[in-house]
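Each structure below is given as structure tokens.
There are two complexes below, and they share subunit A, which is joined by subunit B in the first and by subunit C in the second.
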Partner chain A sequence: MVAVENITQLIQEKARELLSSGQVELVIGYQRASDGVTARPAFVRKAEDAGKLIFDQTCTHNLGKYAIEHRGKSLAIVAKACDTFGINVLIQEKQIVREKTYVIGINCPGVVESSFGETGDRLQYRCQICQEHAPAVFDYIVGDPILEKPLDFDPYAKVKELEALPQEERIAFWEKHFDRCIRCYACRNACPQCYCTECVVEQIDPNWVGAPIQVPEKQIFHVIRAFHLAGRCIGCNECERVCPVGIPLSLLNMKFSLEVEQQFGYKPGRDPEVCAPLATYQPDEDLGIGG
Partner chain B sequence: MSLDYEPRIIGFLCNWCAFAGADLAGTTRTTYPSNIRIIRVPCSGRVDPLLVLKAFQQGADAVLIAGCHPGDCHYVQGNYYARRRFALLRQFLDYLGIEKERLRLEWVSASEGRKFSRLVTEMTQEVARLGPRKDTVKRPARQAPVLRPLGQEEAAPALKGGAAAPAKSGGE
Partner chain C sequence: MDIITRESLKRWLTTLMDRYQVMAPVLAEGNHLFRAISSTDEIAWDYYNSVVPPKELIFPLTESLFTLEYQNGVPQIQEPVIDRQTVIFGLRPCDARAIAMLDASFMNDPVDVPYARRRALVTLVGWACVRPESPCFCVNIGGAPNGTQGLDVLMTEGTDGYFVEPVTEKGKAVLEGAELKHTDAVPPEPAALPAFSTEGLTERLPEVFLSPMWQQQVEACISCKICTFLCPTCYCFDVRDRRDGEAVERMRCWDSCQGAHFSKIAGGYNPRATKTARWKQFFYHKYLYYPERFGGVIACVGCARCVRKCPVNIDIREVIQDLKEDISA
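Then we have the complex of A and B:
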């Protein structure tokens, strides 16, 4: 793993400084999990607790989710490069106030695949395809800039592979995966871009997505969630990581990312001032639909 | 026109243009297939992708969304948003195994009764050619419960030696 001790130290110093000066009331970061090797989210409210903050390549969580939960407070948040894109989306959608959010950005070396008690050297797939290691929004930046190397493979290869399959195989593929869904909604709960106070799948009146645990209902849930993330998903892949039955949710979200990129040339979270593709339009565009 | 398969098409028509267009087709006695079930909506921009998915789930063979021509929207920009939305959804449905042809967004003005008629005829033929849907979004038909007066319920059939329980008698 890449040496990141100095990042930990810098984060701790900054957290201590922010909390003791009263600039923020809460620092959201990472701390060592109870298994001793992986990381879990940490909420530091006192300067003397800042020592428990860490950063290494097991810090996989997207902490943007907690920024929404603590909205209204002045807080500092430790954010990897991709997490800062999520923060930008939240700023763009007026869910968090930029002035009240102190972003400790990290030039992120990528995070590794890990599970409880286990960690390795293998980068997560989202980090293997990552081409933007530098945070897009930050007040304080830690870590050495990482040299961006062009990819020698197509990041959307998996999506394109699935697209190329015959229709029957695609149907069978998705049926196999959606059939396993237990509707625990972990994907939605982990997603920093899923913040509706009443989620459409839990709405009772009108009851658009039914209660039965059958493939059609589960499929509607996943499709509508993916659609709600179209042009907003920053590819942090938390949904897939937390899925207890291992549904390849990134294949849904990446399909939309690919379409949004191809049709509208847009990548979410890079600039909060640019309007999201589904919230704007060009009067004269030709999208191959409508006539 | 005779078809091997009678598709069911759900049409979301905007109140200001397409619905009036369909109305004109009726008043001018222009015929179109009865395979389309029309739902009037205030604007094509009102059509949430959820409505489309729900229609597919309930067994629609195809969904047509028709609104005002670009620039003519009663709400100025609703159809522009709809265009972006369904351009994405269409690609995505194809990815899941619902053919692109089953979702269409069309512009029909209040004076285009003929266009509406032509559109529905064309779409019906196209969807009939595709045949029934093969994907899994469609909810399997549920048997209607049989209601009996209290005290007269049929005894549940006994389970046969570990085999799967036979479905409770009832339904049609």
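Then we have the complex of A and C:
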């Protein structure tokens, strides 16, 4: 793994400074997990606790999720490059206030595949295809800038392979995977861009989607989520990482991202001032529908 | 003790398939899960444990309780037929022990009819864990990697095949026709697991209900349902009706106290509105409420699925440890 000790030290020092000066009341970062090798989210409120903060290539969580939970507070958040795209989306969608969110951005070397007690050198696929290692929004930046290298393979190869199959085979592919889904909603709940206070699939009145944990309901859930994330998903792929039964959700999200990029030349979260094509409405806009 | 070779074991299982539905651990797209098999080649002989516990075979994620249909204007109720004799092969002793705990709850008066029907048809043939690994902690919570509670037969892999130990009459019956050979050898002892104590925890839980420790432990929780759905002793469900034209089907589906809306009541009040309150319910149900009702038995078997799969590493072993410190402080 890439040496990142100095990043840990810089994060700790910054957290100490922000907390002791009273600039923020909470620092959201990472600490060592109970297995001794991976990382988990950390919430630091006192300068003397800043020593538990770490950063290394097992820090996979997208902590933007907690920025929403603690909205209204002055907080600092440790954010890898892609996590900062998510923060920009949240600012753009008015879920968090930029001025109250101190972003400790990381020039990110990528995170590795890991599970409880196990980690290695292999970068997660989302990091293998990453070409934007620098944070898009930050108040403080740590880590050496990373030289962007063009990919020598098509990052969308798997999506295109699946897309090339006849419809029946694509349906069979997803049915096979959704068969394992247990509707635990870990994918949705790990996603910083999924913040509805009542999710459409859990609404009872009207009851759009029934409670059965069966393929039709599961399929509807995943497809609705993919549509809701179109043009908003920043590709952190936490949904796929947290899935207990290994459903390849990135294929759905990448397909939608590819469409939005091709149709609108838009990638979410790079600049909060740029209009989000599927989440913006202007009163005088001609939508080409209705009278 | 008796022993059976791997080849004889396969032959025995194949014969069983004529009379029973055989469920066993298989590898489904990289995930070990219990599924109905039609050939012993499908069995994941090298599995550690299944992602989803085998409770799903007796208490399915979704099941129909009855269907109501009108025939000539008269409502008719149809109950689903549950009559399939089933062998669950290869489950781990922790999961069998968990099924014994589900039995105590579902078969207690009033008996849960669909559960009891399915349960009566099931024979549990377990596999001992010869090489259990941390974070598993069955030994610290009343179980053992080679425990027999809840099982009808226990098998332990040895160098020359599987040691076979019938536990119940049902177990003896299912073994009829198996090519067993007597051996003087003894099954291998399971590897040791790190020890910690849960003694006195249940008794002292009422006094730490309001401890600020809970909020700190649960701060990273994202309120997903992994810990409860993958827990072999969790059994909450929701009952809903599904309408199809004039017909109505009453279904029961797994539900979880970790869901934000689980405890919400008419009028919109939610007595467990915070994730701390919800996670505490998960813990207290296992370590206090269940023991209070069922003879002091803690409804956690130490399978550690919740530890392994929690997206944010809320580790129940750490909670137990911190509680002990909190209690003694």
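One rule holds in what follows: the second predicted complex is superposed on the first by the 279 of 291 C-alpha atoms of A that agree within 3 Å, B and C clash if a C-alpha of one lies under 4 Å from a C-alpha of the other, contacts with A are read in each partner's own complex, and residues count from 1 in each chain.
Definition applied: contacts are C-beta pairs under 8 Å (C-beta built on N, C-alpha and C of every residue); 3 or more make two chains touch, one makes a residue touch a chain.
Quantities reported herein were computed from a predicted structural model and do not represent experimental measurements.
Colleague: Which partner does A:R170 contact after superposing on A: first (subunit B), second (subunit C), both, neither?
Modeller: The answer is first: A:R170 touches subunit B but not subunit C.
Colleague: Could you say whether A:P150 touches subunit B, subunit C, both of them, or neither, answering first, second, both or neither?
Modeller: Neither partner.
Colleague: Looking at A:S34, would you say it contacts subunit B, subunit C, both, or neither? Reply first, second, both or neither.
Modeller: second
Colleague: Check whether A:G22 is in contact with subunit B, with subunit C, with both or with neither, and answer first, second, both or neither.
Modeller: So A:G22 meets neither subunit B nor subunit C here.
Colleague: In the superposed arrangement, does A:P244 touch subunit B (first), subunit C (second), both or neither?
Modeller: The second partner, subunit C, only.
Colleague: Touching A:G72, do we find subunit B (first), subunit C (second), both, or neither?
Modeller: So A:G72 meets neither subunit B nor subunit C here.
Colleague: Would you sort A:Q214 into first (subunit B), second (subunit C), both or neither based on which partner it touches?
Modeller: both
Colleague: Looking at A:H61, would you say it contacts subunit B, subunit C, both, or neither? Reply first, second, both or neither.
Modeller: The second partner, subunit C, only.
Colleague: Common interface residues of subunit A with subunit B and subunit C?
Modeller: Comparing the two interfaces on subunit A, one with subunit B and one with subunit C, the shared residues are 214.
Colleague: In the complex of these two chains, what residues of subunit C are touching subunit A?
Modeller: Going by the criterion above, the answer is residues 28-31, 33, 51-52, 61-62, 134-135, 219-220, 222-226, 229-230, 238, 240, 242, 251, 253-256, 259, 261, 307-309, 311-313, 315, 317-318.
Colleague: Can you list the subunit A residues touching subunit C in their complex?
Modeller: On the subunit A side, the touching residues are 33-35, 38, 40-41, 43, 61, 65-66, 115-117, 176-177, 180, 182-186, 188-190, 198, 202, 210-214, 238, 241-242, 244-246.
Colleague: So in the complex, which bits of subunit B are touching subunit A?
Modeller: For subunit B paired with subunit A, touching residues are 49-50, 53-54, 57, 70-71, 77, 79-81, 83-92, 95-97, 99, 104-107, 134-140.
Colleague: Which of the residues in subunit A end up touching subunit B in this complex?
Modeller: The touching residues are 162-163, 167-168, 170-171, 174-175, 178, 200, 208, 214-217, 219-220, 223-224, 226-227, 230, 255-256, 259-260, 263-264, 277-278, 281-285, 287-291.
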